[in-house]
Amino acid sequence: MSVPLLAIGSAPLALEPLIAAVSGPTEAAGPAPGSYGAVAAFLGLVRNHNLGRAVHYLEYEAYEPLALRAFEHIAAETAERWPGVRLALHHRVGRIVVGQASVAIAAASAHRADAFSACRYAIERVKQIAPIWKREFFEGGDVWIEGATADPGDQQARAAAERVACA
Amino acid sequence: MSVPLLAIGSAPLALEPLIAAVSGPTEAAGPAPGSYGAVAAFLGLVRNHNLGRAVHYLEYEAYEPLALRAFEHIAAETAERWPGVRLALHHRVGRIVVGQASVAIAAASAHRADAFSACRYAIERVKQIAPIWKREFFEGGDVWIEGATADPGDQQARAAAERVACA
Amino acid sequence: MRITVRLFARLRDIAGAAELRRDVGPESTIGTVWRQLVHEFPDFASYERSISSAVNADYARMDQAVNDGDEVAFLPPVSGG
Amino acid sequence: MRITVRLFARLRDIAGAAELRRDVGPESTIGTVWRQLVHEFPDFASYERSISSAVNADYARMDQAVNDGDEVAFLPPVSGG
(Lines give C-alpha, C1' and ligand atoms only; values in the text may rest on other atoms or scores of the structure.)
Protein backbone atom coordinates (compact mmCIF):
# COMPACT_ATOMS: atom_id res chain seq x y z
CA MET A 1 0.00 0.00 0.00
CA SER A 2 1.54 3.25 -1.06
CA VAL A 3 0.13 6.76 -0.94
CA PRO A 4 1.16 9.84 -2.91
CA LEU A 5 3.32 12.32 -1.01
CA LEU A 6 0.93 15.17 -1.81
CA ALA A 7 -2.82 14.71 -1.90
CA ILE A 8 -6.19 16.32 -1.37
CA GLY A 9 -9.45 14.40 -1.07
CA SER A 10 -12.47 13.55 1.02
CA ALA A 11 -11.28 10.30 2.64
CA PRO A 12 -10.42 10.27 6.36
CA LEU A 13 -6.75 10.95 7.05
CA ALA A 14 -4.25 8.75 8.84
CA LEU A 15 -0.63 9.51 9.61
CA GLU A 16 0.93 6.01 9.28
CA PRO A 17 0.72 5.89 5.46
CA LEU A 18 2.38 9.31 5.23
CA ILE A 19 5.12 8.23 7.61
CA ALA A 20 5.69 5.09 5.54
CA ALA A 21 5.75 7.19 2.38
CA VAL A 22 8.43 9.57 3.64
CA SER A 23 10.62 7.14 5.58
CA GLY A 24 10.32 3.96 3.55
CA PRO A 25 12.25 2.80 0.50
CA THR A 26 12.51 5.48 -2.12
CA GLU A 27 12.66 5.57 -5.87
CA ALA A 28 16.00 4.93 -7.57
CA ALA A 29 16.92 8.60 -7.52
CA GLY A 30 16.24 9.05 -3.81
CA PRO A 31 18.37 8.33 -0.77
CA ALA A 32 19.01 4.73 0.30
CA PRO A 33 16.48 3.11 2.65
CA GLY A 34 17.53 3.70 6.23
CA SER A 35 19.10 7.09 5.66
CA TYR A 36 16.43 8.86 7.72
CA GLY A 37 16.87 9.09 11.47
CA ALA A 38 13.82 11.21 12.27
CA VAL A 39 10.23 11.72 11.25
CA ALA A 40 8.28 14.71 12.56
CA ALA A 41 4.55 14.64 11.93
CA PHE A 42 1.53 16.85 12.38
CA LEU A 43 -2.22 16.32 12.50
CA GLY A 44 -4.66 19.21 12.50
CA LEU A 45 -7.89 18.22 14.26
CA VAL A 46 -11.32 19.83 14.30
CA ARG A 47 -11.83 21.39 17.74
CA ASN A 48 -15.11 21.48 19.59
CA HIS A 49 -14.73 25.19 20.30
CA ASN A 50 -13.53 28.20 18.35
CA LEU A 51 -13.71 31.84 19.44
CA GLY A 52 -16.11 30.87 22.20
CA ARG A 53 -18.50 29.09 19.84
CA ALA A 54 -19.48 25.43 20.26
CA VAL A 55 -18.47 23.86 16.95
CA HIS A 56 -20.46 21.00 15.44
CA TYR A 57 -18.37 20.35 12.36
CA LEU A 58 -16.42 22.05 9.63
CA GLU A 59 -16.85 21.91 5.90
CA TYR A 60 -13.67 22.33 3.88
CA GLU A 61 -13.63 23.21 0.23
CA ALA A 62 -10.63 23.60 -2.03
CA TYR A 63 -9.67 24.64 -5.51
CA GLU A 64 -8.16 21.20 -5.85
CA PRO A 65 -5.81 21.50 -8.85
CA LEU A 66 -4.36 24.72 -7.47
CA ALA A 67 -4.18 23.23 -3.96
CA LEU A 68 -2.03 20.42 -5.32
CA ARG A 69 0.19 23.00 -7.00
CA ALA A 70 0.40 24.84 -3.71
CA PHE A 71 1.49 21.62 -1.99
CA GLU A 72 4.14 21.08 -4.69
CA HIS A 73 5.26 24.66 -4.16
CA ILE A 74 5.53 24.07 -0.40
CA ALA A 75 7.43 20.79 -0.93
CA ALA A 76 9.86 22.59 -3.24
CA GLU A 77 10.39 25.42 -0.75
CA THR A 78 10.98 22.85 1.98
CA ALA A 79 13.50 20.92 -0.14
CA GLU A 80 15.29 24.16 -0.94
CA ARG A 81 15.48 25.28 2.69
CA TRP A 82 16.14 21.82 4.20
CA PRO A 83 17.89 19.68 1.58
CA GLY A 84 17.44 15.99 2.22
CA VAL A 85 14.05 16.33 3.90
CA ARG A 86 11.20 14.32 2.38
CA LEU A 87 7.74 15.75 2.92
CA ALA A 88 4.24 14.27 2.70
CA LEU A 89 1.18 16.49 2.95
CA HIS A 90 -2.46 15.44 2.73
CA HIS A 91 -5.49 17.69 3.22
CA ARG A 92 -9.04 16.53 3.59
CA VAL A 93 -12.11 18.32 2.17
CA GLY A 94 -15.83 17.99 2.81
CA ARG A 95 -17.52 17.65 6.17
CA ILE A 96 -15.15 16.90 9.04
CA VAL A 97 -16.54 16.36 12.51
CA VAL A 98 -14.98 17.29 15.84
CA GLY A 99 -11.93 15.20 16.69
CA GLN A 100 -11.20 14.20 13.10
CA ALA A 101 -8.17 15.35 11.13
CA SER A 102 -8.28 17.97 8.39
CA VAL A 103 -4.58 17.90 7.54
CA ALA A 104 -1.73 15.41 7.98
CA ILE A 105 1.95 16.13 7.41
CA ALA A 106 5.09 14.02 7.80
CA ALA A 107 8.70 15.09 7.25
CA ALA A 108 11.61 12.64 7.27
CA SER A 109 15.20 13.70 7.64
CA ALA A 110 18.60 12.37 8.67
CA HIS A 111 18.36 14.41 11.88
CA ARG A 112 15.45 15.64 13.97
CA ALA A 113 16.04 19.39 13.81
CA ASP A 114 15.35 19.53 10.08
CA ALA A 115 12.38 17.16 10.36
CA PHE A 116 10.69 19.33 13.00
CA SER A 117 11.41 22.57 11.16
CA ALA A 118 10.23 21.30 7.79
CA CYS A 119 7.02 19.88 9.27
CA ARG A 120 6.20 23.09 11.08
CA TYR A 121 7.08 25.20 8.06
CA ALA A 122 4.78 23.11 5.88
CA ILE A 123 1.68 23.62 8.05
CA GLU A 124 2.38 27.35 8.28
CA ARG A 125 2.63 27.59 4.51
CA VAL A 126 -0.54 25.54 4.00
CA LYS A 127 -2.36 28.08 6.13
CA GLN A 128 -0.79 30.97 4.22
CA ILE A 129 -1.16 29.94 0.60
CA ALA A 130 -3.21 26.78 -0.03
CA PRO A 131 -6.55 27.60 -1.74
CA ILE A 132 -8.62 25.84 0.90
CA TRP A 133 -11.46 27.31 2.95
CA LYS A 134 -13.35 26.11 5.97
CA ARG A 135 -16.91 26.88 6.90
CA GLU A 136 -17.64 26.50 10.57
CA PHE A 137 -21.02 25.11 11.60
CA PHE A 138 -21.51 26.07 15.20
CA GLU A 139 -24.28 26.22 17.78
CA GLY A 140 -26.58 28.80 16.23
CA GLY A 141 -25.17 29.37 12.77
CA ASP A 142 -22.34 29.02 10.33
CA VAL A 143 -19.56 31.22 9.02
CA TRP A 144 -16.77 31.10 6.47
CA ILE A 145 -13.40 31.41 8.15
CA GLU A 146 -11.11 33.81 6.31
CA GLY A 147 -7.45 33.87 7.16
CA ALA A 148 -4.52 34.88 4.99
CA THR A 149 -4.43 36.43 1.53
CA ALA A 150 -2.96 33.66 -0.57
CA ASP A 151 0.24 34.91 -2.19
CA PRO A 152 3.03 32.39 -2.72
CA GLY A 153 5.38 35.20 -3.74
CA ASP A 154 4.98 37.12 -0.47
CA GLN A 155 8.49 36.88 0.99
CA GLN A 156 7.43 38.39 4.31
CA ALA A 157 4.92 35.60 4.84
CA ARG A 158 7.51 33.01 3.88
CA ALA A 159 10.04 34.52 6.28
CA ALA A 160 7.42 34.47 9.04
CA ALA A 161 6.83 30.77 8.42
CA GLU A 162 10.57 30.09 8.61
CA ARG A 163 10.78 32.04 11.86
CA VAL A 164 7.96 30.06 13.42
CA ALA A 165 9.63 26.86 12.20
CA CYS A 166 12.55 27.83 14.42
CA ALA A 167 14.86 27.57 11.43
CA MET B 1 -7.34 -0.78 22.19
CA SER B 2 -5.67 1.66 24.50
CA VAL B 3 -2.00 2.15 25.28
CA PRO B 4 -0.37 3.78 28.30
CA LEU B 5 0.89 7.32 27.75
CA LEU B 6 4.36 6.40 28.96
CA ALA B 7 5.97 3.06 28.21
CA ILE B 8 9.20 1.20 27.62
CA GLY B 9 9.42 -2.27 26.14
CA SER B 10 10.70 -4.48 23.37
CA ALA B 11 7.69 -4.47 21.03
CA PRO B 12 7.87 -2.57 17.72
CA LEU B 13 6.60 0.99 17.96
CA ALA B 14 3.78 2.64 16.05
CA LEU B 15 2.61 6.21 16.24
CA GLU B 16 -1.16 5.78 15.70
CA PRO B 17 -1.84 4.31 19.18
CA LEU B 18 0.04 7.18 20.80
CA ILE B 19 -1.88 9.72 18.74
CA ALA B 20 -5.15 8.07 19.75
CA ALA B 21 -4.03 8.07 23.38
CA VAL B 22 -3.27 11.78 23.46
CA SER B 23 -6.09 13.08 21.30
CA GLY B 24 -8.92 10.70 22.10
CA PRO B 25 -11.45 10.77 24.93
CA THR B 26 -9.83 11.40 28.26
CA GLU B 27 -10.47 10.32 31.82
CA ALA B 28 -13.06 12.22 33.83
CA ALA B 29 -10.48 14.70 35.09
CA GLY B 30 -9.14 15.56 31.62
CA PRO B 31 -10.35 17.95 28.97
CA ALA B 32 -13.47 17.16 26.95
CA PRO B 33 -13.06 15.10 23.77
CA GLY B 34 -12.49 17.42 20.85
CA SER B 35 -10.63 20.09 22.75
CA TYR B 36 -7.37 19.37 20.91
CA GLY B 37 -6.73 21.06 17.59
CA ALA B 38 -3.21 19.80 16.97
CA VAL B 39 -1.05 16.74 17.44
CA ALA B 40 2.68 16.92 16.83
CA ALA B 41 4.51 13.62 16.71
CA PHE B 42 8.03 12.28 16.44
CA LEU B 43 9.61 8.98 15.48
CA GLY B 44 13.29 8.29 15.97
CA LEU B 45 14.53 5.75 13.43
CA VAL B 46 17.69 3.68 13.28
CA ARG B 47 19.89 5.07 10.50
CA ASN B 48 22.07 3.00 8.21
CA HIS B 49 25.05 5.26 8.83
CA ASN B 50 26.53 7.02 11.84
CA LEU B 51 29.83 8.92 11.98
CA GLY B 52 30.82 7.38 8.66
CA ARG B 53 30.20 3.82 9.84
CA ALA B 54 27.80 1.45 8.08
CA VAL B 55 25.34 0.49 10.83
CA HIS B 56 23.78 -3.00 10.94
CA TYR B 57 21.55 -2.56 13.96
CA LEU B 58 21.41 -1.03 17.42
CA GLU B 59 20.83 -2.67 20.75
CA TYR B 60 19.14 -0.51 23.34
CA GLU B 61 19.17 -1.25 27.03
CA ALA B 62 17.47 0.68 29.79
CA TYR B 63 17.19 0.82 33.53
CA GLU B 64 13.48 0.36 33.02
CA PRO B 65 11.92 1.47 36.33
CA LEU B 66 14.05 4.62 36.34
CA ALA B 67 13.37 5.21 32.65
CA LEU B 68 9.64 5.25 33.40
CA ARG B 69 10.30 7.74 36.21
CA ALA B 70 12.29 9.82 33.77
CA PHE B 71 9.35 9.80 31.34
CA GLU B 72 7.01 10.87 34.16
CA HIS B 73 9.46 13.62 35.02
CA ILE B 74 9.52 14.76 31.38
CA ALA B 75 5.71 14.66 31.17
CA ALA B 76 5.47 16.75 34.35
CA GLU B 77 7.97 19.31 33.04
CA THR B 78 6.04 19.50 29.79
CA ALA B 79 2.72 19.99 31.60
CA GLU B 80 4.29 22.72 33.71
CA ARG B 81 5.78 24.55 30.72
CA TRP B 82 2.84 23.99 28.32
CA PRO B 83 -0.33 23.60 30.38
CA GLY B 84 -3.02 21.73 28.51
CA VAL B 85 -0.63 19.62 26.44
CA ARG B 86 -1.05 15.86 26.69
CA LEU B 87 2.09 13.84 26.01
CA ALA B 88 2.69 10.19 25.11
CA LEU B 89 6.19 8.76 25.02
CA HIS B 90 7.23 5.20 24.21
CA HIS B 91 10.79 3.91 23.94
CA ARG B 92 11.82 0.55 22.59
CA VAL B 93 14.65 -1.61 23.92
CA GLY B 94 16.48 -4.63 22.53
CA ARG B 95 17.74 -5.10 19.00
CA ILE B 96 16.37 -2.55 16.52
CA VAL B 97 17.30 -2.82 12.88
CA VAL B 98 17.85 -0.03 10.36
CA GLY B 99 14.64 1.79 9.46
CA GLN B 100 12.75 0.78 12.60
CA ALA B 101 11.74 3.17 15.35
CA SER B 102 13.47 3.41 18.72
CA VAL B 103 11.27 6.16 20.17
CA ALA B 104 7.77 7.50 19.47
CA ILE B 105 6.29 10.69 20.90
CA ALA B 106 2.95 12.43 20.44
CA ALA B 107 1.80 15.72 21.95
CA ALA B 108 -1.77 17.00 21.68
CA SER B 109 -2.74 20.58 22.33
CA ALA B 110 -5.46 23.10 21.56
CA HIS B 111 -3.04 24.89 19.20
CA ARG B 112 -0.10 23.74 17.13
CA ALA B 113 2.66 25.90 18.61
CA ASP B 114 2.47 24.17 21.98
CA ALA B 115 2.13 20.72 20.43
CA PHE B 116 5.30 21.18 18.36
CA SER B 117 7.27 22.68 21.26
CA ALA B 118 6.23 20.02 23.76
CA CYS B 119 7.02 17.20 21.32
CA ARG B 120 10.45 18.59 20.53
CA TYR B 121 11.17 19.30 24.18
CA ALA B 122 10.27 15.74 25.12
CA ILE B 123 12.73 14.12 22.70
CA GLU B 124 15.49 16.49 23.83
CA ARG B 125 14.87 15.58 27.45
CA VAL B 126 14.78 11.86 26.67
CA LYS B 127 18.24 12.21 25.20
CA GLN B 128 19.42 14.22 28.18
CA ILE B 129 18.13 12.28 31.16
CA ALA B 130 16.50 8.91 30.33
CA PRO B 131 18.64 5.99 31.57
CA ILE B 132 18.78 4.32 28.17
CA TRP B 133 21.88 3.33 26.21
CA LYS B 134 22.45 2.18 22.69
CA ARG B 135 25.18 -0.09 21.42
CA GLU B 136 25.92 0.32 17.76
CA PHE B 137 26.76 -2.77 15.73
CA PHE B 138 28.48 -1.56 12.59
CA GLU B 139 30.56 -2.95 9.75
CA GLY B 140 33.63 -4.16 11.62
CA GLY B 141 32.72 -3.85 15.26
CA ASP B 142 30.46 -2.47 17.92
CA VAL B 143 30.56 0.41 20.36
CA TRP B 144 28.51 1.81 23.22
CA ILE B 145 27.28 5.29 22.37
CA GLU B 146 27.70 7.69 25.29
CA GLY B 147 25.93 11.03 25.19
CA ALA B 148 24.82 13.21 28.07
CA THR B 149 25.42 12.86 31.80
CA ALA B 150 21.94 12.13 33.12
CA ASP B 151 20.99 14.82 35.61
CA PRO B 152 17.30 15.77 35.79
CA GLY B 153 18.18 18.68 38.09
CA ASP B 154 20.58 20.30 35.59
CA GLN B 155 18.78 23.56 34.80
CA GLN B 156 21.19 24.47 32.02
CA ALA B 157 20.33 21.28 30.17
CA ARG B 158 16.63 21.92 30.69
CA ALA B 159 16.96 25.47 29.40
CA ALA B 160 18.84 24.18 26.37
CA ALA B 161 15.97 21.78 25.62
CA GLU B 162 13.46 24.63 25.91
CA ARG B 163 15.55 26.75 23.57
CA VAL B 164 15.71 24.00 20.97
CA ALA B 165 11.95 23.52 21.35
CA CYS B 166 11.58 27.09 20.13
CA ALA B 167 9.59 27.91 23.26
CA MET C 1 -13.63 36.74 -25.66
CA ARG C 2 -15.23 34.32 -23.27
CA ILE C 3 -13.77 33.11 -19.97
CA THR C 4 -14.83 30.90 -17.09
CA VAL C 5 -14.80 32.42 -13.61
CA ARG C 6 -14.35 30.12 -10.59
CA LEU C 7 -15.54 31.40 -7.23
CA PHE C 8 -14.94 29.90 -3.80
CA ALA C 9 -16.21 30.09 -0.23
CA ARG C 10 -18.05 33.33 0.52
CA LEU C 11 -17.52 34.72 -2.98
CA ARG C 12 -19.39 31.71 -4.25
CA ASP C 13 -22.19 32.32 -1.75
CA ILE C 14 -22.44 36.00 -2.72
CA ALA C 15 -22.59 35.24 -6.43
CA GLY C 16 -24.84 32.23 -5.92
CA ALA C 17 -22.70 30.17 -8.29
CA ALA C 18 -19.35 28.37 -8.23
CA GLU C 19 -18.76 28.97 -11.91
CA LEU C 20 -19.71 31.79 -14.27
CA ARG C 21 -19.18 32.34 -17.98
CA ARG C 22 -18.44 35.94 -18.83
CA ASP C 23 -17.51 37.92 -21.91
CA VAL C 24 -14.61 40.30 -21.48
CA GLY C 25 -13.09 42.81 -23.83
CA PRO C 26 -9.76 42.38 -25.64
CA GLU C 27 -6.63 43.16 -23.60
CA SER C 28 -8.48 42.40 -20.40
CA THR C 29 -6.47 41.52 -17.29
CA ILE C 30 -7.57 39.56 -14.24
CA GLY C 31 -8.12 42.96 -12.63
CA THR C 32 -10.52 43.91 -15.43
CA VAL C 33 -12.53 40.76 -14.78
CA TRP C 34 -12.54 41.44 -11.06
CA ARG C 35 -13.83 45.01 -11.46
CA GLN C 36 -16.55 43.73 -13.78
CA LEU C 37 -17.62 41.25 -11.07
CA VAL C 38 -17.55 43.92 -8.34
CA HIS C 39 -19.91 45.93 -10.51
CA GLU C 40 -22.17 42.89 -10.84
CA PHE C 41 -21.87 41.81 -7.16
CA PRO C 42 -21.28 44.91 -5.00
CA ASP C 43 -20.53 42.75 -1.92
CA PHE C 44 -17.35 41.64 -3.65
CA ALA C 45 -15.96 45.13 -3.02
CA SER C 46 -15.00 44.30 0.56
CA TYR C 47 -12.46 41.78 -0.83
CA GLU C 48 -10.66 44.46 -2.87
CA ARG C 49 -7.49 44.31 -0.76
CA SER C 50 -7.54 40.64 0.28
CA ILE C 51 -8.39 38.80 -2.93
CA SER C 52 -5.92 36.71 -4.83
CA SER C 53 -6.30 35.04 -8.16
CA ALA C 54 -5.32 32.19 -10.42
CA VAL C 55 -5.49 31.50 -14.13
CA ASN C 56 -5.87 27.96 -15.39
CA ALA C 57 -5.13 26.57 -11.92
CA ASP C 58 -1.91 28.47 -11.41
CA TYR C 59 -1.35 31.50 -9.20
CA ALA C 60 -1.48 34.77 -11.12
CA ARG C 61 -1.26 38.48 -10.37
CA MET C 62 -4.11 40.86 -11.01
CA ASP C 63 -2.28 42.58 -13.90
CA GLN C 64 -1.90 39.35 -15.85
CA ALA C 65 -3.64 39.33 -19.24
CA VAL C 66 -6.44 36.83 -19.79
CA ASN C 67 -6.98 34.89 -22.98
CA ASP C 68 -10.04 33.43 -24.61
CA GLY C 69 -11.10 30.23 -22.85
CA ASP C 70 -9.11 30.90 -19.66
CA GLU C 71 -10.34 29.73 -16.27
CA VAL C 72 -9.95 32.67 -13.92
CA ALA C 73 -10.31 31.93 -10.21
CA PHE C 74 -10.77 34.40 -7.37
CA LEU C 75 -9.57 33.27 -3.94
CA PRO C 76 -10.86 34.96 -0.81
CA PRO C 77 -8.47 34.77 2.17
CA VAL C 78 -7.68 31.12 2.74
CA SER C 79 -8.28 29.08 5.89
CA GLY C 80 -6.96 25.60 5.26
CA GLY C 81 -5.06 23.55 7.80
CA MET D 1 25.62 -3.48 55.45
CA ARG D 2 24.91 -5.10 52.12
CA ILE D 3 23.74 -3.41 48.95
CA THR D 4 22.99 -4.35 45.36
CA VAL D 5 24.88 -2.50 42.64
CA ARG D 6 23.31 -2.20 39.17
CA LEU D 7 25.60 -1.49 36.24
CA PHE D 8 24.66 -0.56 32.68
CA ALA D 9 26.15 -0.36 29.21
CA ARG D 10 29.94 -0.15 29.21
CA LEU D 11 30.17 -0.21 33.01
CA ARG D 12 28.47 -3.59 32.87
CA ASP D 13 30.92 -4.78 30.24
CA ILE D 14 33.92 -3.61 32.28
CA ALA D 15 32.66 -5.30 35.45
CA GLY D 16 31.49 -8.37 33.58
CA ALA D 17 28.21 -8.31 35.50
CA ALA D 18 24.95 -6.37 35.48
CA GLU D 19 24.45 -6.79 39.21
CA LEU D 20 26.86 -7.06 42.14
CA ARG D 21 26.35 -7.58 45.86
CA ARG D 22 28.80 -5.59 47.93
CA ASP D 23 29.34 -4.92 51.61
CA VAL D 24 29.83 -1.28 52.52
CA GLY D 25 30.70 0.38 55.80
CA PRO D 26 28.22 2.32 57.95
CA GLU D 27 27.60 5.93 56.89
CA SER D 28 28.51 5.10 53.33
CA THR D 29 27.28 7.36 50.52
CA ILE D 30 26.81 6.55 46.86
CA GLY D 31 30.20 8.19 46.37
CA THR D 32 31.76 5.74 48.83
CA VAL D 33 30.33 2.84 46.85
CA TRP D 34 31.57 4.35 43.59
CA ARG D 35 35.15 4.79 44.89
CA GLN D 36 35.12 1.20 46.12
CA LEU D 37 34.13 0.07 42.60
CA VAL D 38 36.80 2.24 40.96
CA HIS D 39 39.33 0.51 43.18
CA GLU D 40 37.98 -2.86 42.10
CA PHE D 41 37.59 -1.91 38.38
CA PRO D 42 40.22 0.71 37.50
CA ASP D 43 38.62 1.34 34.10
CA PHE D 44 35.65 2.90 35.91
CA ALA D 45 37.93 5.85 36.72
CA SER D 46 37.38 7.44 33.31
CA TYR D 47 33.69 7.92 34.25
CA GLU D 48 34.57 9.97 37.35
CA ARG D 49 33.13 13.20 35.91
CA SER D 50 30.34 11.81 33.74
CA ILE D 51 28.68 9.22 35.97
CA SER D 52 25.26 9.69 37.51
CA SER D 53 23.50 7.52 40.00
CA ALA D 54 20.22 6.27 41.35
CA VAL D 55 19.06 4.60 44.54
CA ASN D 56 16.11 2.26 44.48
CA ALA D 57 15.21 3.34 40.95
CA ASP D 58 15.15 7.06 41.69
CA TYR D 59 17.75 9.62 40.71
CA ALA D 60 20.16 10.39 43.54
CA ARG D 61 23.27 12.52 44.08
CA MET D 62 26.65 11.05 44.93
CA ASP D 63 26.55 12.40 48.49
CA GLN D 64 23.33 10.61 49.33
CA ALA D 65 23.63 8.05 52.14
CA VAL D 66 22.93 4.41 51.34
CA ASN D 67 21.05 2.02 53.57
CA ASP D 68 21.19 -1.70 54.03
CA GLY D 69 19.41 -3.47 51.18
CA ASP D 70 19.49 -0.48 48.81
CA GLU D 71 19.79 -0.93 45.07
CA VAL D 72 22.44 1.53 43.90
CA ALA D 73 22.69 2.10 40.14
CA PHE D 74 25.49 3.79 38.22
CA LEU D 75 24.56 5.36 34.91
CA PRO D 76 27.20 6.11 32.30
CA PRO D 77 26.32 8.97 29.92
CA VAL D 78 22.98 8.12 28.34
CA SER D 79 22.20 7.71 24.65
CA GLY D 80 18.49 7.01 24.34
CA GLY D 81 16.23 8.44 21.68
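Labels A, B, C and D are assigned to the chains in the order they are written; within every chain, residues are numbered from 1.
By definition in this document, contacts are C-beta pairs under 8 Å (C-beta built on N, C-alpha and C of every residue); 3 or more make two chains touch, one makes a residue touch a chain.
Remember, predicted model here, so these are calculated numbers, not experimental data.
Contacts with subunit C and subunit D are shared by no chain at all. Per-chain Cα centroids separate subunit B from subunit D by 26 Å. The geometric centre of subunit B is 48 Å away from that of subunit C, both derived from CA atoms. Residues of subunit A in contact with at least two other chains: 44, 123. Every pair of chains meeting the touch criterion is listed here: A-B, A-C, B-D. On the side of subunit D, the complex with subunit B involves touching residues 6, 8-10, 13, 50-52, 54, 57-59, 73, 75-81.
Here subunit A touches subunit B in the complex through residues 14-16, 19, 23-24, 32-49, 98-99, 110, 112-113, 115-116, 119-120, 123, 164, 166, going by the rule given at the top.
Put simply, subunit A touches subunit C in their complex at residues 44, 60-63, 65-67, 69, 91, 102-103, 123, 126-135, 144-153.
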